[in-house]
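You will see subunit A twice below: alongside subunit B first, and alongside subunit C after that.
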Partner chain A sequence: MADLAPALALAETSARSRWREQLWQWALPIALVVLFLAFATADSRVFSPANLLNIAQQTSYVALFAMAQAVVIITRGFDLSLGPAVSMVSVGAAVAMTAAVTNGSDPVSVLFIGLIAGLALGAATGLFNGVVIALLGVSPFVATLGSYNIAIGIATTLSAGKPVQGMPDLFSTLLYRGNVFGVPAAIVITVIVGVILHVALTRTVFGRSLYIVGTNPRAAAVAGIPVRRVLVCAYALCSSLAALGALMLTARTGSGEPNLGGSLSLQAIAAAVVGGTSLAGGRGGVGTAVLGALFVTVLSNGMNLTRIDGYVQMVVLGAIIIVGVVLDRARLGTR
Partner chain B sequence: MERAGAVGTPDQETEPLLQLVGISKRFTGALALDRVDLDVRAGELHVLFGENGAGKSTLINVISGTFLPDVGSFRFGGEDIRHLTPQRARAIGISPVFQEFSLVPTLTVEENLFLGRELSTGGVLRAGDMRKRARALIDELGFDLEPAARVDNLSRAHQQMAEIAKALLGKVRLLILDEPTASLTERETGRLFELIAKLKQQGVGIIYVSHRMREIRALADRVTVLRDGRYIRTLDAALVTDLELVELMTGRKIDVLFPTIPHAPGKVAVAVENLSVGEGIVSDVNFHARAGEITGIAGLVGCGKSELVRAIYGLEPVTGGSIRLHGMPYEATSPRASLRKGVAYFPANRAAEGLALTRPIRENVSMTALDLKRFVSFGMLRQGAERLLINPIMKQLNLRPPNIERPVGNLSGGNRQKVMLGRALTRDLTIFLFDEPSVGIDVGAKVEVYEFMKRLVEAGAAVIVVSSELPEVLALSNRLYVMHNGKIAAELEGAAKTEQNVLSKFFTDHLAEAAA
Partner chain C sequence: MSTAAVTLRPGTPGRTGFSIQFAFLPVLLIAVVVGMSLASPQFYGPINILNILRNASLLTIVACGQAIVIIAGGFDLSVGAVIALASVVTAKVMGMAAAAFPGNDAAIIACGVLAGLCSGLAVGLVNGICVAKLKVSGFVVTLGTMSAAAGVGLMITSGIPVYGMPESFVKGFGRAQFFGLPTAIYVAIAVVLVMVLVQRRTLFGRYVFAIGGNAEATTNSGVSINRYVIGTYVLSGVLAATTGILLTAQVGSGQASFGGDRMMLQSIAAAVIGGVSLRGGIGRVEIVTVSALFLTILGNALNLLRIDSRLQPVFLGIIMVAAVAAEELSRRRKTRG
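Entry: the complex of A and B
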């Protein structure tokens, strides 16, 4: 490293705590490799190129939702309504597109109507959450639990509880079947979004404000940071990213599904937290979300291949959140 | 009520009820109590007298078991006491009434009285018995207090009564009262004094903390003076004058060297007219601060001085009156709007209100300037420019070690305050509001903070210093306002700006009456 001088200037104790922090940073990647090797020895298919691509593709969806959660977890919040919002956006976009198709317009404009309807629905959900939390002072838990039910209600009403069929082929081609130099669309989109979000978090005023608000909201307010506006934007961004993910999943299934979101809320929180995004606020980012998503995906992929029951997998997912939070506590404690 | 049986007048021959010898208590670096002695006899009212920070609160917290002393002997009722806890203290008859209330706001008065010592049979509460005993106690005390009323529906004075009643439920041998009359009316105060007399007759020892000379005159048997955490003297209340007490309390401090500040008062930068904040926290205050001078605001804790400057910055809702900045009317809507008008505020509690502790120094310094072109263009941070600007600022402020990427949480109190000061240099500001600027920092850093203020004044800024530390505001300010109960009690300047004058305003009404 180029500058050894400051490192030498540090006291011994802080050198030790830095070493500990390094250990924490490497704990998850090591655990990931161990997990992967364990599943690979249990079942040789784990290592096959087809399965690796499958893992990568699956990770890209989970990572997108985990990034969405990370944005609000950084502010000390979370979004329980993410899953139902995904269902709602799926159904809403599908309904918009099928309506447009019957009017006989060209596929490109139908596609645009679908994308815009979906993203707008997502942004509206996030704005609603943000306003309730930041302006009315309701806790993120209660606010997003409320919109959880609202979103389920809307999704089920719009679709009458049945899958919405009849979207243009172009939609699935663009968001699912398409590829760039052989890389599937889902991965390409997630990588692009991840890079943009990373820049937004680390190099914009909004990103900087998110971390400061999450670390100490009172100090942020005293320093003149518009805390409420930052929070509203965070929830709007979270739900918009979730909406993008919802459109990608809808393209994969080929229809608007009122149950598409399922357990996504919790899965996304689990991925973000286990990757090192702190529920205490102010820590984490795109890196922790992607790492956590990879971990959760490898775990469920391995469990699928080794035929571990789906309901047992739910038990594991729930336990992961708890373990992630306990480890986060321990990590903060070492500082 | 079952109280200690020892009937009669103070007995000087036998061992005192409470005897503390050489009690010391250190909090992370600061010596809060330095070899303090105190003895309280049964049936005596013993006043603890001293300035803010003299160690009175720490001492009563030691006596009531909240803090364990580091060294010293603690004897109570003829027994050596070790490892005292608040529960044990209550069990052996030490009953404190603190200034900060220990009541649960959502419970009723009687539920609070029996909190943690509920009467029950086989796990079922004996509500009737508790109500009967609560009413009997309140009647005996002569308080106008409804046992079934919820605490958060009560006025502050009634909460104070409930607090006293709570302390007197059960066996009491030593009662500790910390400024008990602060929120009582004249009539209620009279009741309390009658009660105190009754308790003394029953042989209860009383430790009484108060700044009010009149109460000390009316009640005290003996007075112990503390200063800077040290024991000064114990005096017979009948044989000491008010002036002697004030002199003992203030003493002459071996304190930091204050820089000579070349005040050059210019135009009025801040003018406040009939300003009110909250429900009487600040009421009808008029004051002004000019460019090129330090304006001091002195006052006891809770007198509203902090809320006054916070209202100017936009942190407290203004309920009446007006603020003018540089002659223009200003309605403080938000901190950012105030910063844009050139007003900066440095909070007293830096960890809670100032800093994002896990974030680097650089981000904490630029925090108040994230709306400026020099740090931001089209929403993107200019991180290179940020480093180039903040590095020299922190070098100039003598940050040690001078690495602006370290998290603020690793810094000492003095360095943390420097991070706050660094913010002052990131944008154009003309008005600086300092709230307790030297709390929690060491002597060396204090001097640097004062030097910093001096440079601000030399550059023509208006500096307002709010402080509970009298020597500090006295030495720094060109003009000094004294606040008392939310109002300006005096404006002192030049030769009139003395410690005695300020102190006399803290106790205004009482000294006036004592002199009459």
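Entry: the complex of A and C
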């Protein structure tokens, strides 16, 4: 009977650690609800239907870019070129569409030309990143920093630094103004993409290989996974998703903007990481990206409505990023 | 498949890439200088040379700190924001000190410079403690402090330049020249010399290499690595603040728009092109200096050749990727053979 005591103690600690693990798992959703209720009590407009729809719509853009980042963060990389690629796609699609319009094409083919041009530019950026990283062995930071500069150069040269206008109305109707049963197009598109991506990440060989490559690239190679091909595909997918987001943002502004991307690269990484995607690779997915995006959006929406100074918001966002990752560490530590 | 495994995570960092960079970069630098001198007589005009040296000095100082952090296996994205913060804090404190001790320029300047350096030190300390004690990745921590430091800089100034620094600071220091060279150059030379000594002759320098090479082995050999990791971030913060103060003295006002993402990315580019490995453990400050000079001259050359400023980032991006890819491929060839 005497040796039962340590066993009991062990069972107790493991129960406690399981409880703690559960707590950490729920830390961010709980924080999100608390944050939302706090803002709602501070300002009644937070809870209004118009604002809720606004939050949902805003989240859908951020979530799409965070999902794009999550795909490569899972493989232990990240994509600094996402923001400039968004600018480049925006300008490229707008230039292609205005050229088609002046050539007298009908609106539907103009629309297709724009969509294809935008997605092709995105895929090309991703292929460049993927090839440089996987085949030449350059670190993701340098490779995507290189394409960051290249994409900025192309975006500003193509547009001569000015917004590109003259797109058909059909474009913004399809990607921004349109709705399905009253749900705005941006939300519909993000939900569809999110569901497909979730299935791809959790149920396909490609998706599972992303996680294995991110957890242990050497083991993945030994296990016979084509590591290089998987990495190239991951970066191509990331930039293609970013290109889709860029087209949606372009439809929203109604013109091709050479600085549409701005600091989007780091914002998207921050959203993904705050949601629990690990920069050490192998953990995260659609859920963490959406959760992080929702958290960041609710935070900035609430701070805007309660009239917190924009500069203070930058400080708060910085602090949130650090706290989010510290929480993530703690969550890992309890395992 | 075995090559993929080797190239993804080489076990021990070799010196091969380093020696390539050592020969490659100066040759490239000389080629650009000779080519430009033939192409444009403006290039070797004294005004242009001083301009290049001044800009290269500012970049070098930041890149030295960045290089040390990267050698220890980290990352410092906050340097651009620290430059802005230090500039604003220096100018603001000098303005307040001028009200406290009217006429006493030495005291005013000392207060301002000290406050500016302390702001860099504070950001570096936060970075270092989060990375070392909380074991959070340097990328995310410095991403957070970058946003926070930029926000504090803008809060202090509301985005408006801060004036009210003593004339002697601007005319006697920032825009002054000794033996025909601006003060920033002397500061940069001093920083580089000290950093070379630190890397070669001090325990700190040796441990930084060791931590970047293999943090676990370093801990097992009895080095308490936390304080050295914190040290690298503090050093980077203080050096970035130094650049911020030099810029402030040169321009004559504290501005929250100094530094920024551009300076941050350039400092990392300078370190990486200068042979500092992002995997940690490899890199020499003196080559980073050559690389900072190279980047500055390259930007200057593209301007003088009247290449559209919008296209210039494309060249910078291609050169950066090419330089690192060349290093990586040569290393791979060595490990294969």
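Following the convention adopted for this analysis, the second predicted complex is superposed on the first by the 317 of 335 C-alpha atoms of A that agree within 3 Å, B and C clash if a C-alpha of one lies under 4 Å from a C-alpha of the other, contacts with A are read in each partner's own complex, and residues count from 1 in each chain.
Here is the rule we use: a residue touches a chain if its C-beta (ideal position, glycine included) is under 8 Å from a C-beta of that chain, and two chains touch if they have at least 3 such contacts.
These numbers were taken from a predicted model, which means no experiment stands behind them.
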Per-residue contact with subunit A, leading partner among subunit C and subunit B: C
Subunit B versus subunit C as contact partner of A:Val222, first or second or both or neither: both
Partner chain in contact with A:Gly182 - subunit B first, subunit C second, else both or neither: neither
Subunit B versus subunit C as contact partner of A:Val325, first or second or both or neither: second
Partner chain in contact with A:Pro49 - subunit B first, subunit C second, else both or neither: neither
Partner chain(s) touched by A:Gly282 [first = subunit B, second = subunit C, both, neither]: first
Contacts of A:Asn149 with subunit B and subunit C, given as first, second, both or neither: second
On subunit A, positions contacted by subunit B and by subunit C: 218, 221-222, 224
Complex contacts: residues of subunit A adjacent to subunit B: 6, 9, 14, 203-209, 211-212, 215-216, 218-226, 282-283, 335
Touching residues on subunit A, where the partner in the complex is subunit C: 78, 132, 136-139, 141-143, 145-150, 152-154, 156-157, 160-161, 217-218, 221-222, 224, 227-228, 263, 266, 269-270, 273, 279-280, 309, 311-322, 325-326, 329
Complex contacts: residues of subunit B adjacent to subunit A: 315, 334-336, 338-339, 345, 347, 352-359, 363, 367-368, 370-371, 376, 379-381, 383, 401, 403, 409-410, 423
Subunit C residues within the subunit A interface of the complex: 1-2, 4-5, 7-9, 75, 77, 130, 134-137, 139-141, 143-152, 154-155, 158-159, 261, 265, 268-269, 272, 278-279, 308, 310-318, 320-321, 324-325, 328-329, 332
